[in-house]
Amino acid sequence: MSHHKVEVKNLRYVYPDGTVALHDVSFRIHHGESVAIVGANGAGKSTLLLHLNGYLSATSGEIVIGGTQLVKRNLTEIRRTVGMVFQDPDDQLFMPTVFDDIAFGPLNMGLAAAEVESRVTEALERVGAANLRNKPPYHLSGGEKKRVAIATVLSMLPEILVLDEPTNGLDPHARRQLIALLQAFHHTRIVTSHDLDMVLDMCERTIVLQEGRVMADGPTLEIFGNEELLKTCRLEKPLAMQGCPICSPGSRIMPEQKPLVPRHGDKYHDHDH
Amino acid sequence: MLAIDGSFLDFKQLDLLAMRQTAIHRLDPRAKVLTTLLFIICVVSFGRYEISAMLPFLIYPMVLMTVGDLPGGYLLRKILIVIPFALVIGIFNPVFDRQVIMQLGPFEIWGGWISCMSILMRAILTTSVALILVAVTGFPATCEALEKLGMPKVFTVQLLFLYRYIFVLTDESVRTSRARQLRTFGRRGLGIRQFGSMIGHLLLRTWNRAERIHMAMLARGFSGEFHTTHRQSRFGREEIVFMGGWITFFALFRVYNAPQLLGRLFTGTMP
Amino acid sequence: MHMADALVSPAVGGTLWAASATMIAYCSSRVRKNLDERKVPLMGALGAFVFAAQMINFTIPATGSSGHLGGGLLLAILLGPHAAFLTIASVLMVQALFFADGGLLALGCNTINLGAFPAFIAYPLIYKNLVGRKTCQSRMVMAGIIAAVVGLQLGSLGVVLQTVVSGVSALPFNTFLLLMQPIHLAIGVVEGVVTVLIVSFIYRARPEVLESVLQDKPPAELPVRPLLAVLLVSALLIGGGLSWFASDSPDGLEWSIAKITGSGELPETDHKGHKQLAAIQEKTALLPGYSLPAETRDGHDPTPTTSEERFGTSLAGIVGGTLTLAFCLLIGIFLKKRAHSHRIQASR
């Protein structure tokens, strides 16, 4: 399907104080694609994301979402189509209860109470948080907050999900849960992250940003195989691709311990010691 | 532990108590808010020299506490903290009011002492019901009740946001305080300049957070108006019984000084 | 500086409750009409900030005592008067409900003392005028201190007036004033200094935060007309109408003035209607502190004057009081036992 496409054409953004945050960024994301945007801190990832739902307006260039050009008068529709989940769930959960937060979007869309009710229930089901319905946000754990934050945009039935550092601050179990959840979605997903292993698991395509410019845009595995590129952009290979921590050169595990470590393997290395 | 740690935990504790499920907790918040307000008005309407007449009013907070399953010790501690503030003013009463109005054997008691005790009594009664109100209703429900009773929506939203972010901000504030304290050797207090800069940082972080919240609100279609689904509010039979019963109680004991009557009965000095 | 319910009378508390409720309604509609939806999260967040900041104490130089930020003036500088008033009111409400810091009935008094004075007088009339468009440090410090001092002086004056008029405390007006004002002068200076320190910090770090407020067009208006209307009506109803009932007792202010000036005789009226109404008032006094011991009603003095009579009444009071207390305790124990057994049954 050609709609639900995200097109960014020659996007340029200059801060009020004159710093150029984004220089001529262009890419096209198709329906159902799962794309990661990676880069060092300050590379412009979050700034780029904030353009996708019209919070920031480009200094020059244009953004077309689902065939509609992003301009002021269709912001409401754009914001329904593009569901944005921010880094800190505390910023996103500002209502007295989980139900209220998830209902916030649909209510702003003007839906009737019954419809709102069903959307909330459905969104809660999808993120596996049905039991959290009446809880206040300050009683939730980090992982629960993240899932509820996602639910708050899901209830608006977006076509595109944009997530800023989704696994940030989560414990391993919650992180695993979140990755599984995101993998189950069929939306177009655009994710920024430092968690390169998650990117490897979840996104077939990666865009690398460096100082406001697109340095690379291609299949994830290919990009993560390009060591020079990664180094220039202050990145490194995902841990999963970095070689066995026990038998690689430069390993810090003492020789005496090595025979005690059992055979192990993952999808990149499978061997005995 | 920092003082701020303590107050913060306190805050959370009352919030948790409000989540219990007892007969009192289940009542519509409007009934509880109105009854509490009427209670306070009744109590403060007593003459300045009344003490015994106020005693029956202890029954209201007592009943709420026991039926609402609230921890007595915890509430008592909170009340004890606040009472000195009223007493600081009240203690001047015996200084300025030395007219004798009571006699116990050879002791002549000044009016000032009586009115001071009266202030103490008032303080105990009014602060206990204020704390109990939140403990059995919860803050969001109280705000909802007030809104239904006429409080403007903008103010309700403000209260709810404030409440929501107090948890976040006191958390941040605790962390900053703690970090600073761990680098302060010797018991030097926080100087004004340091305070200004620490609080300034906190303020900036708060401002940034408010911007991010705004972003999140816009991202979900916010355009200025808050729409709420109206929760079913049942002001039913239990609420009417509750309110009616207590109002009658208050009125009765406001008009008739029961302890005095009781005492007279026992000491055989009926007029 | 928070007024407690224990020291307030229904008349004073009620009138100011009505007044502050009107102001809240007015400011709410002003904030809504302004359509700056950025204010919504900002008011909440800054309120929480003030709440958290108040829990951190600093040492006041040269005295060694500790103080904390009030925040009223700071909020007015950051949010503008109407939004700041609402924010302060919301913080006060949370303090009253969670910490019993300030009574529920006295909430109106506190909102006026700690909210209206900084937001509608100290900030717009003093700070803003003194600072003008220039943001030079020395000017800000001076303006901040003067504004804070004025705001706090007005606030503490408010407390004094409200306490004395309520008549529960026996502190005479003069004495109370002398106690409160100097202390709050010192507190005001500190508050002003701290507020300006913070504002300067913000200005250096992120000047646009202050710029956006300085730009805030309409010069702040005191919601004078609605406020006056409410005060007038409430005063008429409560004070005027009920003074019918007030009988021969002078009001608290008069009383304390009489006490101070030593004019021993308390004014008496023996208007017939007053006497009858006085009897009713005795039963339904909404204006306490008006039942002074040496009062004449219905022609005979019910107050025991001989020591035996006094003893009799006192004894009855004490005995009755003790019995009542015991009774209350019994009720409490009984209910607790019931609740306990209910829970045991439920858990089976």
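The letters A, B and C name the chains in turn, as written, and every chain counts its residues from 1.
Everything that follows uses one rule, which is that contacts are C-beta pairs under 8 Å (C-beta built on N, C-alpha and C of every residue); 3 or more make two chains touch, one makes a residue touch a chain.
No experiment lies behind these values; they were computed from the predicted model shown.
**Student:** If you average all the Cα positions, which chain's own average lands nearest?
**Tutor:** B
**Student:** Measuring centre to centre, with centres taken as mean CA positions, what chain is farthest from chain C?
**Tutor:** Relative to chain C, the chain with the farthest C-alpha centre is A.
**Student:** Per the centroid of Cα atoms for each chain, what is the distance between chain A and chain B, given in Å?
**Tutor:** Each chain reduced to its C-alpha mean, chain A and chain B end up 44 Å apart.
**Student:** Calculate how many whole Å lie between the centre of chain A and the centre of chain C, each centre taken as the average of the chain's C-alpha atoms.
**Tutor:** Those two chain centres are 50 Å apart.
**Student:** Counting in whole Å, what is the centre-to-centre distance of chain B and chain C, each centre being its mean C-alpha position?
**Tutor:** For chain B versus chain C, the centre distance works out to 15 Å.
**Student:** Mind pulling the chain B residues that touch 2 or more other chains?
**Tutor:** Expected reply: 160-161, 163-165, 168, 209, 213, 217, 222-223.
**Student:** Residues of chain C that contact two or more other chains, please.
**Tutor:** Only 41, 44 qualify.
**Student:** Can you pull out the residues of chain A that are in contact with at least two other chains?
**Tutor:** 94
**Student:** What part of chain B is in contact with chain A in the complex they form?
**Tutor:** Counting only chain B, the residues touching chain A are 15, 140, 160-161, 163-165, 167-168, 209, 212-213, 215-223, 227-229.
**Student:** Of all residues in chain A, which touch chain B in the complex?
**Tutor:** Interface residues on chain A, with respect to chain B: 50, 53, 55, 76, 79-80, 83-84, 86, 88, 90-92, 94-97, 100, 103-105, 107-109, 113, 116-117, 136-138, 152-153, 156.
**Student:** For the complex, which residues does chain C have touching chain B?
**Tutor:** 2, 4-10, 13-14, 24-25, 28-29, 31-32, 35, 37-38, 40-49, 51-53, 55-61, 66, 69, 86-87, 89-91, 93-94, 96-101, 103-105, 163, 167-172, 175, 190, 193-194, 197-198, 201-202, 205-206, 209, 259, 283-291, 293-294, 303, 307, 310-321, 323-325, 328, 331-332, 335-336, 339
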